[in-house]
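As structure tokens, here come the structures.
Across the two complexes that follow, subunit A remains constant while its partner is subunit B and subsequently subunit C.
Let's look at the complex of A and B:
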């Protein structure tokens, strides 16, 4: 049944997934076990996306199914377990109210065990700095769709520098107008136009930061 | 002066039209569709562009004076008082809830519920009037209320005023500056019509999994509505292409695109082409997996703007022999690069994708607001230097494309004349004298109620 759930999740079969979640619960699986199976399903979805077999529409459906799964399981999971994971701060840059790319990236990150603090849209440089400072997140993700707002991303980076926190946080900018030139201009550490790549970058950063034996 | 402007207008229009038709001309036209840079170049704010038509016109005149190599300049953005009159919820506007220097932004929400497909499919006009408009126009939230009545009244008047403003500007640009339009009139692909302002992206993406047949049926009924909207807002002289921004293909797999997006879009495009028009399509995002479909439409009928996420070189290879392309200049280069880099890029484009014509250098479907003026100047200088084809050709406007269908027959109304005639029980005088203005006003009303999905 575990394999069936994994396959249903990976195949984006909503009804089968939700039915199997309930069945596994009745058969004595713990909510965390089931979340883990579904998370692995999401990983397969992410893999298919990276390989070009799935497109954004499929990620959105996957998010919706996972949300349905969590509606069933979340009330059964202890709060302290829910709040574990490496914190990442994310938000859409000031002046820009687009949130689709950001939300999908957050979904992928959360389903891979990160604790994402979502600051929403139209977030000022000061809000980004305050939030990272408050929770000690090692990674900040800034989403931007309007090329007009690229200058404000630079302001965020400059403000981190100004308050002496720049070396505490890796900054990733993601979205439509970003490229190598935008990375250089703004002074961020990474750029990506692809949510699956955003996940890979976060993992890379954490691996680099872990002490090596 | 008048003659000189007429000559200039004819030359620019001829150059643009020949390029769209993949025919020979003297040089590559400078022909962006959305030239945001032009709107604020002379110091206007974005609020002034959408609220003060006179200031916008002045800004365009200044821009044309400083960049006379430009061949087309867009006149038809919204006149914001129309949106204020009805409290439209789908846009945030500079100077209203955004800073005056910020840009217009679309706010997506579910203004059609997942369980309302049957209503939309059975009677689209009734659905728009009874369900969609009360939700999307804040002032019309309560049908029949004084506020709603005023919203319809003021909104109708504002719409006519806006049309007048746009027409005046178009004529002034033509007569005083010799400047044609890159496009006139607009529509959406049926799938975008359904997903932009009605179901929202997320809603429609879930619908293609949960109720695919309803999505297909809805797209089908939206074909005629979009055709009517396009032809009702188009240039009656058929000089300019009709504009269609495409929004969702970049999110769809080829399989999803082929099933849900393309069939109704193709049908819409084909009817518009048969009615004697060309189309300027913004292929937003990466259309790499989908653009081969544009080979299915007649050659030289669709001007395709390739976004920065698409690969202009691959686009040229795949469809450039069949449809005109625009793009190739990264937005970031215009905003952050220098004049030398821009010049090198133009040279590269002219020597590769620009060879043989049918190509327009543009940013990703637009020239960004924060383009450096010296970069724009460098782009134009380089196009004039490297984009020359055959200076012995003197471009002149082409005859309007052939018409297999009469646009008048494709324009829709809410209440057909036959129903009105039956209600009247016949008329005693010349029926056509009553019928024509009746249908004209009905069609204006039809266009009015559908504009809110744009």
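Let's look at the complex of A and C:
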């Protein structure tokens, strides 16, 4: 039954997924076990997206299904577990108000247990710095669609440098116009045009940090 | 200094050592396809070195050039600094301007009443008993209440009056005296209508007396050197200390060049051009007027001015009568410019009955929905896919571009100029995807088919064109043995995704406007496609891929360069110019980028309509 749920999630079959979630609950699986299976399904969706087989609409669909799953499961998950994830601060850069890509990335990260603080759109460099400082997030995700606003991403990095927090946080810039040059120009640590890759980068950052902690 | 020779143009220039091939090409005036303006992100500026270079390929070059191209000496012009005398072969870009200008008939009936007109007067010569000064003598003869003193006209007035023996022609724009000429010149009264596109600038020379078009000419917008899209231009204006002035100079120089050409071929003197009307997207209007465009780029996308602006030609340095007036029509918003106002004017959208939807498909898709006494506009960032950028083998609609694709047992291509293909342009891309959808090579989610049972149903020759590469699946449109470069021309999975993003943005914009007017797509009486792209796009293909709302094909009509037509109408009739102001005033602009509905519509519009 676990395999069926995994496959249903990966195939974006909403009805079967929700039915199987309820069935597994009745059969004694814990809510966290089920979240883990669905999470793996989401990961498969992300992988298909990276390979070009699934597209934006498919990701949005998988988000809908996962939301439905969480509606069933969330009331059953203890609060302390819900709040235990690694914090990540995310937002769309100042001057830009697009958030479709950012929202999908947040969904993927949340479904993988990260605790994402979403600052919304049109976020100023100061707001990014303040909130990373306040919650001690080791990762900051900046979303940008308007290529004109790439310069402001550099301002965020510079501001972190200025207040002496640059070493405390890894900065990922994501969005349609980013590439190696944007990464070099802005001084961020990583760039990605792909939400599934964003997830992989976050995991990589945490793995790299573990031995030092 | 080192010398750089460009073939096949055989142009030689001297530049400082260390300049790139692209920079040298700009100096030489050789056109290079460079969509990104030298940032190294488009990979279009391929050049072949005559002697192999000892410099190793840059990271960017290895990204865009195949190993066989690299070993043959191909480089990217923007990536190569030169330190010794060099000979370079470029695929010089052959522009196909006639795509923007060749269709031309004004469809709209209008009242010929230009604001500029000429009056022939014979003045009574002064005498010792009639010492009225020259200017006042002139004004008295005009019989207009509020004629203002025009210094530039007055400086030469005494000589002209006396040489002409007081038989003169006065050119008036309303109550402004623009010129005083000797003799009767009433039959020589010309105006210019100008359409400044991000890619192409077009000027129409018009006889204001008859309303007839005497000629038109086009040139690639010389601002191109600073990037192909408006954002690169705004960036340049915002960052470079002298950038704004350089951009203004470039476009005016480009215009002056074509005005010269028009004057020579029509035997008109530039001082016989008394008026110009100008349309363009809001960024182009700003750059033409020398206004700071910086805050058009980031949200909330604020222009300096929305109203129509009129300046003396001398202020701009435009090649016409220096006291003549240049009027830029009003815009509607940061991304809905006077060109869109021109489209609405030419299509008579304010007064025509029924529900009309006009779309100008380009990097930014501007659209207007008119009906129920409302005029709604919006603009969606379709991205550069329709211009062939961000597409692996994409190119502009120039010679060698695949513009039509059909699939039977194998692929049939139509290529611009009937030559070997070099790449695929926007209309070709739409055609290709429509054909592949119909043949079940792409499913409705946009995925190139991969399941064995799907593949088994495809004709052998089609199936052999589908292949898996490192970066995903792709479909071969033209085998290397019959292309210019010798490389296969392919359509990749990613290309299809880019097209989906572009068409999704356009369709979602349309859906939002329809929703705002509270009507469904089958209530649209006519879909008008403005711009060159609209003329070349295959209507059936556009419907098949869901670029346009699902209406019956006979309701779709290409209206040519309607923006330019709008500029001509505003030149030829004060009523029409008034109407342009009304359009801009009455239009309600819907800002899509922060609308939640838009994101939903956008995601829904990404898929292809189900294949019947």
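Basically, the second predicted complex is superposed on the first by the 211 of 213 C-alpha atoms of A that agree within 3 Å, B and C clash if a C-alpha of one lies under 4 Å from a C-alpha of the other, contacts with A are read in each partner's own complex, and residues count from 1 in each chain.
What we mean here is this: contacts are C-beta pairs under 8 Å (C-beta built on N, C-alpha and C of every residue); 3 or more make two chains touch, one makes a residue touch a chain.
A quick note: this is a predicted structure, and the numbers were derived from the prediction, not measured.
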item: Combined model on subunit A where subunit B meets subunit C, clash or fit; value: clash
item: Subunit B versus subunit C as contact partner of A:28, first or second or both or neither; value: neither
item: Which superposed partner A:78 touches (first subunit B, second subunit C, both, neither); value: neither
item: First (subunit B), second (subunit C), both or neither touched by A:100; value: both
item: Touching partner for A:55 - first (subunit B), second (subunit C), both, neither; value: both
item: First (subunit B), second (subunit C), both or neither touched by A:185; value: first
item: First, second, both or neither for A:146, with subunit B first and subunit C second; value: both
item: Identified clashing stretch of subunit C versus subunit B [40-48, 58-66 or 166-174]; value: 40-48
item: Doubly contacted residues of subunit A, that is, touched by subunit B and again by subunit C; value: 53-58, 60, 95-98, 100, 146-148, 176, 179, 181
item: Subunit A partner contacts - residues on subunit B that touch it in the complex; value: 92, 98-99, 102-103, 105, 107, 201-202, 205-206, 208-210, 250-253, 256, 285, 308-309, 330-333, 335-337, 368-370
item: Partner subunit C, residues of subunit A touching it in the complex; value: 51-58, 60, 94-100, 121-122, 146-149, 152, 176, 179-181
item: Residues of subunit C defined as touching subunit A within the complex; value: 39-41, 59, 231, 234-235, 297-299, 383, 445-447, 450, 472-473, 493-494, 497, 500-501, 593-594, 599, 602-604, 606-607
item: Complex interface listing, subunit A residues touching subunit B; value: 12, 14, 53-58, 60-61, 64, 95-98, 100, 146-148, 150-151, 176-179, 181-182, 185, 193
